[in-house]
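Each of the two complexes below includes subunit A, the first together with subunit B, the second together with subunit C.
Moving on to the complex of A and B:
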């Protein structure tokens, strides 16, 4: 087992090793199938972006038209990659934090297969023309009970682990994980029941955006934050700066999240208070997210140089920086005067991509770089590939964000001038769509190394060595990022 | 047996409390209230009973619209004036000549199963598409080959970003006289014609049925323009 926390007793280490062994197969199953879905999603994303820019390309094939390939891309990204990566991380982290071994690994692997099967059916259905244009809920309606049941059955094991946890104070990451675990089925089932009931047409649309925003704010973000609260103290080697502040951040998010969503339909056919309350709670959530950011900043203080060496720290901290950016942009977009320009345009797409890729996925990569060596017993083969993964993912997501922000602003400004023909708003946004294509090309390229390394780790062909794989450090040169930083400082002085 | 309550129960109770409030107030209650709305009295008096929209929106055309993902680029929601100039954009808010251009309201979506309010506005809003265009041949041409329709327009840049839905049309040999409903595009082999499938016809029906500018209750001081209400009663039908 790699990097040991300083001061861990032999019993502790044995216990951790036993927990890691017990979760090895389900967690690796989720990580590898998530990675495969990420591969599919990035390819679909590339093609979708390309088709948005050049719609006449291969236009005899309906499978490649934007209206089908874009939802297929989003669904693969969310349900294939993000949710499975999240489930893997949840299982491992909950087992470690509760100090409980997982007893029913086979059961989870079977359920994991069912989930994959359901998502594959759904994505294929959307792609081949059985979708229904409901953003992120566009799987055919017979699939949702199966997906919801599978998720609940998986998550029950996580809750049971928390229930039988060893006595002691509850760690903040555990609270985030429990919240994410129970929040998703609640929102997902509510949204699907309302969509199926065929009552109010406008509320069906409303509940879709409510679901989207809740998924972002109370599934993706909590797991990303749980990762950061776990990894940062571990790597830096000091406790979280302020525990009350962490609690405050958690409950602010929990109280705000449920009210969000309708602000996507500002001015829509709803009683006006519904979008208004959505916008207000998004702005209030910024307080909670600032609390998280401040807390992590002070935990890191004076140790930022470790980011240079530790892949997990680098990815999860970047995710948190993107979280702050996402929260600020979302809050800004919730002001009516700004929303007027940014609503319904490509900026919306940029913001969603930022939340899923920039915030959640980056934090999840950090967790995967941390977890996989511990459960497989071998180290990542190449630090350089990890570095490339980080930088090209960063370029990718920032390219998407900047491009979509510019596209959105130009589109919004042109749409607001009522006597400018609509076509002008397309014309001014069109050049920026290249950024979406480029961004997904960067992301796809960055992930190639990740897939390859993960595959090597999966078959046990990782590096066998004493020290963990760090960035900018030759294998075995330093046993931890801390040590590497000290060595670097030493050479600088010498 | 532990005497103190377990951590899980405590956490779950608090989370449930935090979440049940918005769940009830923001989702469930509005859902039941909005499911019970009726067309406004003024619309009923003017003989506008939302007939066409109700008949066509839940039909095959809506399914084609949804499955081809039209709603990812086209909205069906006109925002009020404090949120932009949708209402003033020609044709977006409805029939400008009849002074009926306005933002969309919950009653406008009565009879639909799902209001395709949209995600992006890469294409124009379609709330009142039926008020702008009724010509079936023109709409078919737009769906079959958008670049042939939009390219010549001065402002459209080199071409539109609308994808062509060629799979909704069939290339068939001409039997006798060319069919009336053939799609009028260039470059079709001689002796052949492009005919819309049932799906394409349904989609066009759905698009023509997009009207959300029927009369609604107006505030007192603005009720003057609504006075000649009975006159355009027959107008919205295609």
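Moving on to the complex of A and C:
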């Protein structure tokens, strides 16, 4: 089987089609409910940002207070959108890479409903004031065993598919998927158990940041990287540049990431080594991220023009660029002289949003743009909306990042000046919060087209065509991004 | 590529899956990805090495020797204690004695020193000399001022322990004379063992004269150069009234002025 020729044999095609058919319903279930949660999360995000800018707005209504809206927004974004999109992608990609059909679609759909029910209950509880004010773990504590169990039962099917995979070398994406599948329960259960043990309040703040950082590095980033490692060779038609380098990146990340978290509390009331270890491992993890970036760069070399046309490639590569940015910023923030001005303030929110939206969600969009036509049998209705989805998402996330960087810097400088009243640090950041409002407005707008198109695909009203929906190319004009790029270059397609 | 597939006796046959009916997206896609086996290049390892060094620097500098008792003090004013009167909108009417303000300011400046010398002045065994029980703190102010202004490099023995840390101490001459005077006062009065009757105060004037006097010396100052200074010599300048901060001038209080040459 040649790795670069499109199409491959009829057997291959039939096998792929059969796999796609077998995962169709669970994957579409996860994608559509994830998209619905994303919609809810963007609306809550806009309201939360607005409340941060104008705190007196609707102040008579406790349901619209920042303290409830903001955690509800984050939880909807993480557990509603990101985790479900990730699960859908994991199931499809693992089935494809293991060359195994999914046998228990109904089982997964049932569990998917349980997960949605749990998240809905949690978000509603947070929204109605029963959250427990631990960042990203705000759900009432009776909910976590249910969510953890549901997650484990879902990923068991992914692990089983990996176990019964067809012989052959394990592809690097599979390693990341298996790792992400087992890392999340570990991180989630550990954090919740320690928090449930009613230890010192200071330490529970520490456990919370450990959880946040590990959720990013042990779940969001591995899945985003798995997507990039899969989508790029698929679209470009080349093998990944170097397997040794990919393995090196994987293990660096695996070894370093678990130590992170406390660096968010430099100067906090912890033994000094805890933040120091967190900071150092954040810098060490950048080694792994750099290896990933180098590997993908060499895989892409000479083919970057395809990004102009292929939505999957464009989104997932953008996610990887943002991953490098995120890792570099995180590493810089691990130096105390810099962290001094960037911790305990809005910059952290900017960085978290960058990881969840800029890195993970963008890569996930790339995967969804690739997967959905294959499992629904129709093409995305409109290339123009994909383009708008990309650009307004980009504007949105960069606006949030730059705005929160400026806000955090002014806040941090003011916090660092011991003779300045605390109130000042709140006031100096206020003008910049407009960027947060604006960013979420952009993101909400960008996703309107995405929701609409996904809904059309879901009900089977996508475009019926032989050609893919590409950006900047009229439907049916080119059979692949590669062909479109060749046409653009003025060379005939062989 | 679009001729009907053979009967493969797979269970999706019931759905009539033949290649011609397989969706185009599946038909046109490349085969499942593989990974090449290009070796890792040496140049990339250098990036990794640089990051390892940076991370190790963070670990070494900030970890406080992995002691459970060492909480964070580095680069923060955690050791600063009560704020001086006059801060935070206080109109200053409730100011205490001059020396309290002077010491509190000194403690604030000492925030620069805690990373190595620790809030307690105990230093770090084998790495950074202590201030408690140090002959350079207990002795004359001239040597202390030289160290503050110029920094130190080279082997040194403090309190019977020898230290040979590279770049032992940075020069602090970027701080104003006032700040250096405050921190010198703070160090001497808090950690020093002063001779009977000496207040331990170093004034801005004294530090100013030290800055002029030592301007010709190299920075960081080799410990061999430091050894040439008289251990008991004090900086020239009038002692002050601890209550008001006014110079004691021609009629010094009993037992104070005579220590100053």
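Definition applied: the second predicted complex is superposed on the first by the 483 of 494 C-alpha atoms of A that agree within 3 Å, B and C clash if a C-alpha of one lies under 4 Å from a C-alpha of the other, contacts with A are read in each partner's own complex, and residues count from 1 in each chain.
Throughout what follows, a contact is a pair of C-beta atoms (placed from the backbone, for glycine too) under 8 Å apart; a residue touches a chain by one contact, two chains touch by 3 or more.
A quick note: this is a predicted structure, and the numbers were derived from the prediction, not measured.
With both structures placed on the common chain, the touch criterion links A:467 to subunit C but leaves subunit B unconnected. In the superposition on chain A, A:11 makes contact with subunit C only, not with subunit B.
Looking at the shared chain after the overlay, A:134 reaches subunit B, while subunit C stays out of its contact range. In the superposition on chain A, A:239 makes contact with subunit C only, not with subunit B.
Once the two complexes are overlaid on the shared chain, A:68 sits against subunit B while remaining clear of subunit C.
Within the superposed three-chain model, A:480 lies in touch with subunit C and out of touch with subunit B [touch as defined at top].
In the superposition on chain A, contact of A:301 is made with neither subunit B nor subunit C.
When both complexes are overlaid on chain A, the residue A:424 reaches subunit B alone and has no touch with subunit C. Of the two partner chains placed by superposition, subunit B and subunit C are both touched by A:340.
The contact surfaces that subunit B and subunit C form on subunit A in the two complexes overlap at residues 266-271, 277, 336, 340, 418, 421. Per the touch definition, subunit B reaches subunit A in the complex via residues 6-8, 11-12, 14-15, 18-19, 21-23, 26-27, 30-32, 34-35, 37, 65-73, 75, 77, 79-80, 82-85, 88-89, 103-106, 108-124, 146-147, 150, 153, 155-157, 159-167.
Touching subunit A in their complex are the following residues of subunit C: 1, 3, 5-6, 8, 10, 12, 15, 17, 19, 22-40, 44, 47-48, 51-52, 54-56, 58-59, 61-64, 66-78, 80, 83, 87-89.
Touching subunit C in their complex are the following residues of subunit A: 1-8, 10-14, 16-18, 20-22, 96-97, 99, 169, 171-173, 229-230, 232-235, 237, 239-246, 248, 266-273, 275-277, 279-284, 286-287, 290-291, 294, 298, 331, 334-337, 340, 373-374, 377-379, 418-419, 421, 465-468, 479-480.
Subunit A meets subunit B in the complex at residues 51-53, 55-56, 59-62, 65-68, 70-71, 129-135, 159, 162-163, 165, 170, 175, 178-179, 182-183, 186, 190, 194-195, 198-207, 210, 251, 254-255, 257-259, 262, 265-271, 274, 277, 336, 339-341, 343-346, 348-349, 411, 415-418, 421-427, 429-430, 433.
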